[in-house]
Structures are given as structure tokens and as C-alpha cells.
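Both complexes shown next keep subunit A, but they swap its partner, so subunit B is in the first and subunit C is in the second.
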Partner chain A sequence: MPAPNCLRCLARPPPGLATPVPRTAAAASPLLNRPAATPIGTRTRAHAAPFSTTPAPAGPPVKPATPVGSGGHNRVGKKLKLGKFKTDRAAERSKVPLPGERKAYRKRITLSNDNALPVPWLADLTPSSLADPANTATVMGLPDSLQDQLRASDAFKPSQSWGMFRKPAVLVRKETVDLVNRMQDAADKKQTLRLVVTGDKVTGKSMLLLQAMAHAYLNNWIVIHLPEGQDLTTACTEYSPLADTDPVQYSQPVYVFKLIQAIKKANENLLSKMYTAVGHPGLPQSITANTSLLTLANVAKEPDAAWPVFRALWHELTHRSVARPPILFTLDGLSHITRVSDYRSPAFELIHSYDLALLRLFTDGLGGSLRLPWGGAVLAATSRSNAPRSPSMELALAQREAEQLQREVPKKDPFFRGYDERAEASLRSVQVLPVGGIDKVEARGLMEYWAASGMLRATVDNKSVSEKWTLAGNGVLGEMERASLLTMRV
Partner chain B sequence: MPPRLNLFSACRALTSRAFAQRPPPLGPAVLARGMADLTPPPRPSTGFTSPANEEALGKLRLIEYGLTPADVSTEGHKYGLPDLPLQRDRNAKHRYDDVINQITKLLMRDGKLAKAQRDMALILKYLRTSPPPRLDPARPLLPGAPPAAHLPLDPITYLGLAIDSVAPLVKLRGFHKMAGGGKALEVPIPLRVRQRRRIAFQWILGVVTKKVSKGSGRTMFPHRLAEEIVAVVEGRSAVWDRRTQLHKAGTTNRANLNNMKVRRML
Partner chain C sequence: MMASPTPGLTAALRGVSKTLRRTSGQPLEQHFQTLRLGPAAVVPGRRRCMATETIETTRSDQPGAPANAKSDDRPQRAPSNTDLLQRYNFPKHARPLPVSRSYFCRTPTFTDRYIKIHKLSVAYDHLPRNSLQHAERVSWKSLDDVKQSFAEPVKATDYADCLRLIKVLHRILPSLCPPEVTEALQDFRRDTQDNRNVANPIPVDPHGRALGVGRRKSSTASAFVVEGDGQVLVNGKSLVDYFGRVHDRESAIWALHSTDRISKYNVWARVQGGGTTGQAEALTLAIAKALITHEPALKPALRRAGCITRDPRTVERKKHGHVKARKSPTWVKR
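And then the complex of A and B:
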């Protein structure tokens, strides 16, 4: 018969336990060996095993396997535990981030800094301010509604320093005024401006594209922006062949679905005021004539329907019978698309980027075979920090630039096989806008804005402007930022 | 380079040569060798050497008449001469703040100073963009610290304040076998400023390396570090306990300073 009480701590066993006496305690039956009441948690080796031949001090102190009295009172025997000195790192981490969470944290965009001082003289952009040469070398703020539109179309990049200032603002450069005026001229004449913005690293090419988009949004253009060329060609989004195309073209349903959402969000006001010219019976939800374009865009409720809806939307936006606003179609990271993509056809052959339907639309626009009847612009910007080699694009851009400056046009290397004829064809008649460093007047305007925001703690005079301008390789914008804002000398 | 317009340079320019300067040899060097007899005969000097020299001469003449034609401090320099004595941060070696300089070197791994500097710049950027810290009265910062609202716009002070506030005042030095029974005798020893900052920053780094970052990419380490700096200023960091513990041990052991053997060694 088991003893009613625990022999070690004199506590009553829990009612459900059949054998309350621990095995080792039962083996050590002579009760005289042990003191009447041992303090909880202390146990000597002699008490645990009275017949041991090992002298007591030589052995390691035995720790209780389970805390006595915590429940059960049954001591577990020795267990073989492999790798007991290894810590379980997975258990240490309190919460493992979900898939995509860490990247989202890295790519998050902050557009304001409450610590920065508000700049009293900062004026917001108006529809005409980017086209006005008088605004050159001034910094101008983006109005709130424009911020939302630009954010919806992914125009801000995490590498740009938006998060340092009270509100997002842009520097109006000579190139900005030039580009915006060219866009406006083309739109006024119902022509299409086809232009590539190119230049060295961190000279502000993407920012120029953003300014073009800002101008377009403020003047009620429809803006379609493909934020990264590489998203479309590195085989990281789904693709499917399109029926009735020869040679076969491929649509990218998930990407186009997201693009439609972005277009809808950014151009909502405009789309809701425009109505379809013709009916679109082939869509998942039949659309009759005289329906709002926003309703048409809303038909794309899942990726499968995205491409037909996008085609229908494009068809409506470029319809000749109804007056439509100009369109701005932009893409950043041109060299990713002027080459063979990473996608493979069912025959396991690489697919050319120009056979991807969305990119085909863009490159047709850039090459001039696709006209925008109500005018507009097709703009592309090159990227220099994340760009695969694209010899055809480099050559074509160098040739166009030389033609513009009426210099000797560089020739194709006759012994090189890496050229891409389709890329060359699409870039045969584009305009090129080379972007370089800013001049000292612009640099001064920018640095005065930085100083007024409290981010640059220095006197802005000719000497300091000249110093930073020179440090930045004759006014390369990103380098100026690195030299004055992202430095250890604040 | 513009000529230096002072008396000495004018005199130097005036030094007349007995012979006109030898023209550089024509053709390859071999032909020029051993051609001493081919040197042209000395021509009488016309007195005119260069326009700059003429200008200097003119100035010298003006000086002769008792006029001061040129102000050396303004003329011949695009941006003027610097004010002397030079400020400390105009020296390339003292370009950065002392704390920043020391900590950047402590951040450095594998000798990659440029990476450490970029990390430090990101830390400062984080401090500038994070909201002002909410100070904990139980963890007072250094006396004379600026108010919390001023800190984000002065990130260097922010960082220096955080580190100097948790920096320990003493370390415990163990005197070998002096406590009797082979034990070391712990004696509190005061630290210099750089030592204090180093220890404080090593504690902070120890906390940071054990943290899990929220995002991914190369900016995450400076982010975690900057978060810990903010935690220090707000009094949330575990580093404060470490400092308290060390100070307690130092207070407990300060009687050991009276040990005669120790006093002889200190």
C-alpha cells in the first residue's frame, strides 16, 4: 500500500495519481537515512542513492529533473538527451516574421518627418509650375492629393530621401522644365512624345520621371506607370500565353491585375468622369457603351480577367470618337526590358521581353508604331545601379544623343554578336534627354531648402555650395545628398 | 597659379641670370648627351621675362614710392585666406565629432571603415527621423542635457548623450590572490572618458547583436542599433541595469582601496 504522503516533502499527492511514491524514493526504503523534512529543491547525492560507491564530492551535483511540488511528485529517471548544450534558436526567437514581412519593412516608404522644420516659403506645385522656367532652381512641395496619386502608382522609391523632410518636395531643374514643356507641346498638338531619360548613377532620372508624372496628374492626364522594368522580365510574376497571337505573346495576369488597381486608384477622378464609347461584351461582366471607365476597370476582380480588361481600358482611352485626356505611359529601368527575358516558352526557349504583351504595348508606344490619338508621352528612364548589360540600348541611346548634338554617330561593332535588333528598332526614333549634374544656382536652391528644413546644419553661402557641388562630382544630385545629408558630419 | 604679390617674390623675380635659360634639347636624349660645345653662345638679357614678372616689378616700384599696391590676404585667392587659428574640425583627422569617431571605429568589422561610416550615417539619419524621445525620470541623463524635443535635429548630441549617460564611472580591477584564499581582490578603478564610452558602446552592441531585426537588408543593423540608442535615452534599455550593477559592485568594494598592498601598487 502506498504511503498517503510524499516522503520527501510531506505533501499530499494529487488525487488522480495512482502511484504517488517516486520510484527512487521507494527504492530508498530505509526512512531513517533521510531527515524528516528536507527543504524543497535541495537534495544530496547520499540521500538519492545511499548505496553508491562513489565518494560524494567527486560526483557532479544532481539537479532535480522536475521541480518538486510543482505537480505529480514523480521524478523522472535519467534521460538520454542529445545535444543538450545546443540552444534551440528557433525557440528563442519570439516571433518569426511572416513571408514577405521583412521585405515590406525594407521597402516601406515614409514621406514625412515631423522633426524637420516646416519651410515657410515652400510653395506647392500648380498645374503650370513645372513648365515655368521662372521656377528653375526652386524647391516646390507636392500637394496632398498628388502625393496619394504618386504613391498609388509607386512613383516614390525607398532609396530616395523623402523621409527626411516635413513634406515631399522636388527641385525644379532645367531638365524638368525642358521635359515638361516637350510633353505639353506634344499633348497640345495631339502628338506623342517618345523620350528616354538617361544619365549617370544618382543623377535624378527617376526623379525626373516622377516630376513628369506630377505634371501629368496635375494637368489631368491619364498616367500609367510601370515602376520597375525588372518586375516584368525576371520571371518573378506569373505569365500565360495569349490566344490568337502569332507569334505567341504572353500576358502577366497578376502584374496587370495590380497595375489596373494602381491605375484605378491614381486616376479615379478622371476615370469616373469618362464613359465607354463602345460595348465590351467579351469581359467577365458585359460592359455596354456609355458606362463609366471606372466601372470597366472594376470588372477586373481577379487576375484571370486582368488582361482583357486592360486591353478594353486601353482601347477606350485611345478611342478616336470620344474626346479623351492625354496619356502618360512611363517605365523605369529600361535596360531590363531591351533584351531577352528570363521567361521560357513551352518549348523551353527564352521569350523575348517584347513578346510579353504589356511590354509590347509599351515598346510599340516608345518605338512609334502605336500612336496616342489624343496626344501624350511615352517616357522611359534608364537605371545605372541595377541594370543588366544591354549593348543595343547603350548604342542606340548614344547614337540618338549624337544625332541630336549633330556629332559623329557611333557605329555598331561589326564583330559583336550581342546586339538585339528588336530593341534597336524600338529605339530608332526616340528622343534622348541626358541628365547630368545640377548647376550651382540649382545646388544653392536645394541646399537652402535643406538648411531651412533643419537637415543641413551649416551656413549656405557660395563657398559651402561650391564645396558640396565639387564633392558631388560637379553637382550629381545623389552624391550631393550623400555629402550633405547622409554623412557623419551633420 | 597667380603670382604671390609680395616684396620677396618681386625680388626673386628680379634676380638676373647671367645666361638665358638653356632650351630643352631637341630630339632624343641620346643626341643631347655630350653636346656641351653645341650650347648656343650667351645672349645679352633683354630684361623682359614674363608679363607676371612685369606686373610684380610694377608693384615693387609702387612700394618704392611708399604705396601698398596689393593686399595679400585678399588678392590671389579665390575664397580668401582661412581665419586663423583653424577650427578643430577643419583638420582632416578631427573631421568628425570625438564620440562619432570613436564609435565608428568600434562598429568597424574586418577593417571596413567605409561600411562602418555608412552605418553610422544611417544611425544618425534614423535618430533624425524618429520622434523625440520620452525621457524616463527614473533614468536621468547627464545633467545639462538639452530638452528631448531638441535631440532629433541634433543627432550627434543625441548619440553622444545616450552613450555618455550610460557610461560606467569605474571598472573593477582584480588584484590577483590578494583577497586571501587565492581569491582576487576587486578594487574599483576610475575610467577615462574614452574608456567609459568604449565600455558603454560595447554593452549596447552586445544587446543589439542579440536582437532580431524586423526587416532584411544591409540597413537593418544600423536600424537596430539606432533603436537601442533611443531605448537608452528613454530608459528602456537593459544597459542601464548593467551600469547600476557595476556601480553597486564598485561601491561595495571601495573599502578594498584601503588595502595596504593595493595602495602600494596603485
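And then the complex of A and C:
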């Protein structure tokens, strides 16, 4: 068992202590519960942080040890003690959560609720069920293997209320069928579908992305999912310039390393059955041709090698000489990446998001300059709750939508300087899938599922359906959930 | 002769002694004939007057009575005045009496009207009346109003009795009601008749829209309600975009919800002023009013749901010496 703290720091004797604690004694008790070993002025605590090096702030103060052998001639005089009648709040407080515990609790994803009733008529998704218009307005469960894959690729979000039902299930909407059919068409024709899912708050954009991923997994596509655009551009992950790039591009080794792990875990079956077409000698571990792609992915043992391995993997997946499955490349939170990032170059200039190598790959795919030879889709979803303003993205999406509906196309404001040329260029030819409220038939299907799960304790009839539908602003899915599931009505 | 107005007769009787004194020597019939009413006895419009003047019946230029007196000219053998007075028990001296008995009270204006109404109610007791429900609803003056408008102290009991008669008279069928009754009641009507204050009916326009207006706190909402499938737009936004709280959304469409009409109508509303709660509850009223236009029978249900009455509560004004409306400043010792 590794010591929770740096033993050498804790073993150092306090300054007031004349005789030092023998090193062996300190080493013998790795937990170091002895107050004598604590530096003066610090406080011990019953539960120390597993990876914190700072002294723990909470816990009762420990009296400084009486100087041994000092003879007591330097008596400490009377000291002014303020607030001596106040009780020590810290002592009264119960156990303080460990560092990171709160965040883990906040970000945890619960996919099942044993108290919810199992729904007998709930059918699991099959490879073709999301493309079938007959399944519109029905709720379908996610099979266990698919759950694992989606969980591995971070497709579930903590804000979605998966934890209310016995098993995760999704509502098949008209938009779902539409999107999945477009994806399937593109894959059949070995083309790339480039599409942005957009819509109001809590209308189900991320859920649509999840359904697209579910379809891809069930149909043996390779899925690469970037769960939050924010993670890549807010300068919270490491970055390093890539050699031989002009203008300089930056890789994000730690993020890419984790991404490779996720891809590996989610697509393990598929990757183990595919073999490299060419050799990759430049990697930390030389890969020859005809090695399984899983082995290739496994080469990335540490962040430093992550980007070359990812490049090699991508190269293999899009290699024209060997038959490969279609690829689904998705990103949530588009507006975070269609702007200048928070990273800075060595010259302390802000780096554009499109100069980050991973995002460059994605936006090239979205913009159409990168083709997937074996077909597939590049999907992005906008976000409304946590999204910086991205005027070019908003304008481009509005223009594409107007073009699709053959309406008057909105024009650029000639007096506004905040547009981003590169973002516009990448969104110049995408398709836009606007997501709005569900219709009443779909609402009814969903509410029947809620009622069958025991989560909605009301009769599901036309009256209650249309009431919730109106209260939810003409069927905005998240608001329906909020109005009927997340409010306590007893 | 006796059907003629009583004031004339009394006035005539009042002047009798003087006449008798002057026409001493005339026979009694002659005296009585001179007492017949002449036009001078009844002076129209003179109500509050002391009847001290005698009726000049003996003068030759008088047109009525003197002519009679002259035609009945008889031999001048007459008993003395005292005999006559004793025999017929006439008073020795004429006592001046007021025209109206209200001369003796402090409330002549009211009493005159009261007397008149009393007489009218006796006179027109036989006329057919409406039942209470079918009579026109009128707000009569309250006791305070009467005191103020007549500038007199009026006794509550008198006015209560008067009002009882007024209400009886008011129920006479309008087609048969004599104009003098209408005229007499006019003084007791209030100047503003709140019963006549009927709200203008809201029309449903050719496009099928009904516009209702509602207010709450300092918010004003106007809602167009059309038949539809339950879509709501508030200031161009959907209900969820406009109202963040689920409770406010429910308040806004409470009129439709409580009558089970959510899926039957669409609402397009404009709201301004105030905060979210005020705006949501102003919308309740606006939608309810417009809904009543489409389905008037829903009014009782809406009233039970609390969607009809405007909530009159508003912010209480700040008072001097207070920090807010009621809050006192912190007490400081010295």
C-alpha cells in the first residue's frame, strides 16, 4: 500500500521538538497517526486526502509537544486568546468530502434505478430499428453491450436523467429516423455526411448524437466521439507544438491519449479484427503491416506517443487499399471550437481552435476537405446552456437552414468585426438538422413509458399529454421531463 | 269643489275671519260663497309661504267669486258677527299657517319630497308592478348622499321609510308609470348608476381571434386566443423561453388548464411591465377573458378557478419615518 503522503515531509520532526523521531519509527507506521510527528501549527485529520500534499486544514488543533529536556525555564507567558468561548466549528463538522469527491459525485453517471419498475414491453435496439420509421414515437432500450460502448465513449451526460429508469432507453423521434437514414445512405454510397444538429435548449441535440452513435455501434461503425468541445479549447489540457507544421499546429497529448483509450475500449471488437495496411516505423513501438489495429492503439502507452499513434490509427482507418467500416466522428458543443481558443503560442498570441491538431482533423471533416473513403459521418451538435457566443457559427447555421428551407438567406452584418473566417469556411457546406419540440404522438409514447416505469403517477390521456406538451413550450423534451418528472407532485 | 287642492281650501279658511269681519251684515250663505276658492288663493309655485294675506273676494274686479256674490244678491238682514262665530264655532282670530307642514321641520326639502312620494304611492297604488327581478336595477342614494345633496340633516328612519316607498313606486310597469312619479324618483337616484356600467362585450374578429386584457401588480397582458392545438407564444417566445419557472408557466395557462381547454386553443400574447410572477398572472386573466368570448358558459368555472377577478394588491407605498412601507429604522440608543 503506498503511503498517502510524502513520508519524508511528515517524518520531519517539529521545530520545537528537541529529540527527533527516529526515522525507522516513522517508516514503520505508514499512516503516521502520531501527533508528535505532525509539524507545529498543522492539524491532523482522520481521513487524509489520498493524493494531497498540502497539510489538511480541518481537524482539531494539536497542542505543540512539550519540549523534552528543556527544563521548563523558558515558560511561555500569558497569551491573549480571542474568542475563547467560541466552540471550534471545524471540530464539530462531520466528515469533509475528500478532494475530488464532490466533483466525482457531480459528474457521476447512473444508468439504472432499481426502484423503477421494469417496463415489460420495452424492446431493445437492433441494428435496423433506429432507421425504421415504424418505430417513431416508441421508446426503445439500449442493449447492455451498447451501454458499455456508449459509456466508454462518454456519450451519456450527467444532466440527462438516465438514473430515473430501470434501464437506459431512448425515444425514437422523426429526427432520429431522418438522421440515421441520412447516415446510412452516406455510408452505403461511401460518402461523408457532414451535419450539424442545432436547436433550442434541452430539445435533445446531444441525445440525437447519442442515437446516431448507438446506430453506428450497432452497425459496426468506428465511432470517435469528442464529448465536449470545451475540453479542447479552454486551455485545461496540455498542448505542445507539432514539428513540421506550418503554420504551427498543436497536439493535446493527454486528451488524445485518453481519447485513444476510449476509442480502444468502445471499438475493441472491431479494431481487433482489422489489420494494418502499412507499417508504422516511427512509433515508439514499430508496427509492421498486418498487425491488428488494437495492437496499434495499444502502442500509446503514455501521452507523449498519443498523437503519432492517433495519426497512424486514423491513417489506417481511412486507408483506401483495405476495406474498412464507416466512421462516425462526432463532437458536442460546437460553438466552443468555432472561435479562438484560450491557448497561447510561445509568442503569447492566442491560438485559433483550428490550429489544434485534433480539432483541425474534425473541422476538416466537417468542412469537407477531409473525405472518409469508406463513408461515414461527421456530426456536430450545438449547445445552448454552456456555449460562448460564436457569431460566425450562428450566422452560418442560420444561412444553411434558410438555404435548406429556400427562404431568404440572412446576411452578414457589415459593421460587425467579431466574425471568424475560418469557422465560416468550415461551415459553408454542412447540412443542418434543426431539432425542436416533439409532437404529441411522440409525447404520448414517452409519457406512457414514464408511467409504465412508475415515474409518472398520472393517467396518460390526451388531456395530460397536451397539458405537458404545452407547458413544455410545444413539446421541448427536456422541459417536458422537468414539468412532469423532476417536480415533486404528491 | 272639494277635489281641488287642499292648500287652497286651508288658505281660504285662514282668511275667513277677516272676510267675515269686513262683510258684516251679509247672510251666512253669502259669506260662504265668498269663501269659495278664487285663483288668488292658490298661488302656483308658492309653497313655503305664510298664508297671512286674505283672499280679496269682495272686490269687484275679482273675476270668480265676486260674480257669484253679486248674482246672489239678497236683502241685507244679517245676524251679527259674534252670533255667527258662536253658532258655527269659528275661531275669533285668523292664525297664519304655512303652506307646507314641512315649514315646521328642519328638513323641508326632504320632507316635501317625502310627502309627495307618500301621496304618489297612495294615489298610484292600483297600478300594476313588476316583480323584483324584472324591475330595472337602480342605485338609490344612501342616507349620506341624501344629506349631502339636500344639505339637510335627514333622519335615518324617515329615509328608510321613504326609500321603501320609492322602491315600491319604482316597480310600477314602465309603460304605465306616470311622468310625475318618474320625476319624483329622479331626486333619489344616484348620479352614477353602477348597474348601467356594463362591460363592453369582447368581439371575436373575422380571423377567429378574441383579445383579452389582464392586469396584475404592474404587469399588463393582452392575449389573442384562437382555436388551435395548444401552442402558446408570449412576446414572440415560447412559454419555456419566456417563463423560466414551471410554476409561472402553469399560472400563465391556468385558465385553459382549469377548464380543460389547453389542446383546443392557441394563444399569442404580449406582456409588459412588472416581474415574471405579475406577468404570468396577468396572462391568466387575459386568457380567461378571451376564452369567455369563445365560450361564455365557462365563466362560472373560470371564476371558481380564480381567473376572473383582478387581484387588486399592489406594492404598498413607502411611508416617511419608515425604511420601507412598514419597516422601522433600526433602533439606536441615543
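FYI, the second predicted complex is superposed on the first by the 390 of 490 C-alpha atoms of A that agree within 3 Å, B and C clash if a C-alpha of one lies under 4 Å from a C-alpha of the other, contacts with A are read in each partner's own complex, and residues count from 1 in each chain.
Everything that follows uses one rule, which is that a residue touches a chain if its C-beta (ideal position, glycine included) is under 8 Å from a C-beta of that chain, and two chains touch if they have at least 3 such contacts.
Only a predicted model underlies this, so the values are computations on that prediction, with no experimental measurement involved.
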Partner chain in contact with A:479 - subunit B first, subunit C second, else both or neither: second
Partner chain(s) touched by A:163 [first = subunit B, second = subunit C, both, neither]: first
Which superposed partner A:487 touches (first subunit B, second subunit C, both, neither): both
Partner chain(s) touched by A:469 [first = subunit B, second = subunit C, both, neither]: second
Contacts of A:103 with subunit B and subunit C, given as first, second, both or neither: first
First (subunit B), second (subunit C), both or neither touched by A:200: second
Which superposed partner A:115 touches (first subunit B, second subunit C, both, neither): first
Partner, of subunit C and subunit B, that touches more residues belonging to subunit A: B
Which of subunit B and subunit C A:78 touches, first, second, both or neither: neither
Touching partner for A:454 - first (subunit B), second (subunit C), both, neither: first
Residues of subunit A at both interfaces, subunit B in one complex, subunit C in the other: 463, 487
Subunit A contact footprint on subunit B (complex, rising order): 79, 89, 95-97, 100, 104, 117-118, 120-122, 124-125, 128-132, 152-156, 212-217, 219-220
Subunit A-facing residues of subunit C, complex: 229-232, 238-241, 246, 249-250, 253, 256-257, 260, 262-263
Complex contacts: residues of subunit A adjacent to subunit B: 93-94, 97, 101-106, 110, 113-117, 163-164, 454-455, 457, 463, 485-490
Of subunit A, residues touching subunit C in the complex: 200-201, 440, 462-463, 466-467, 469-474, 476, 479, 482-483, 487
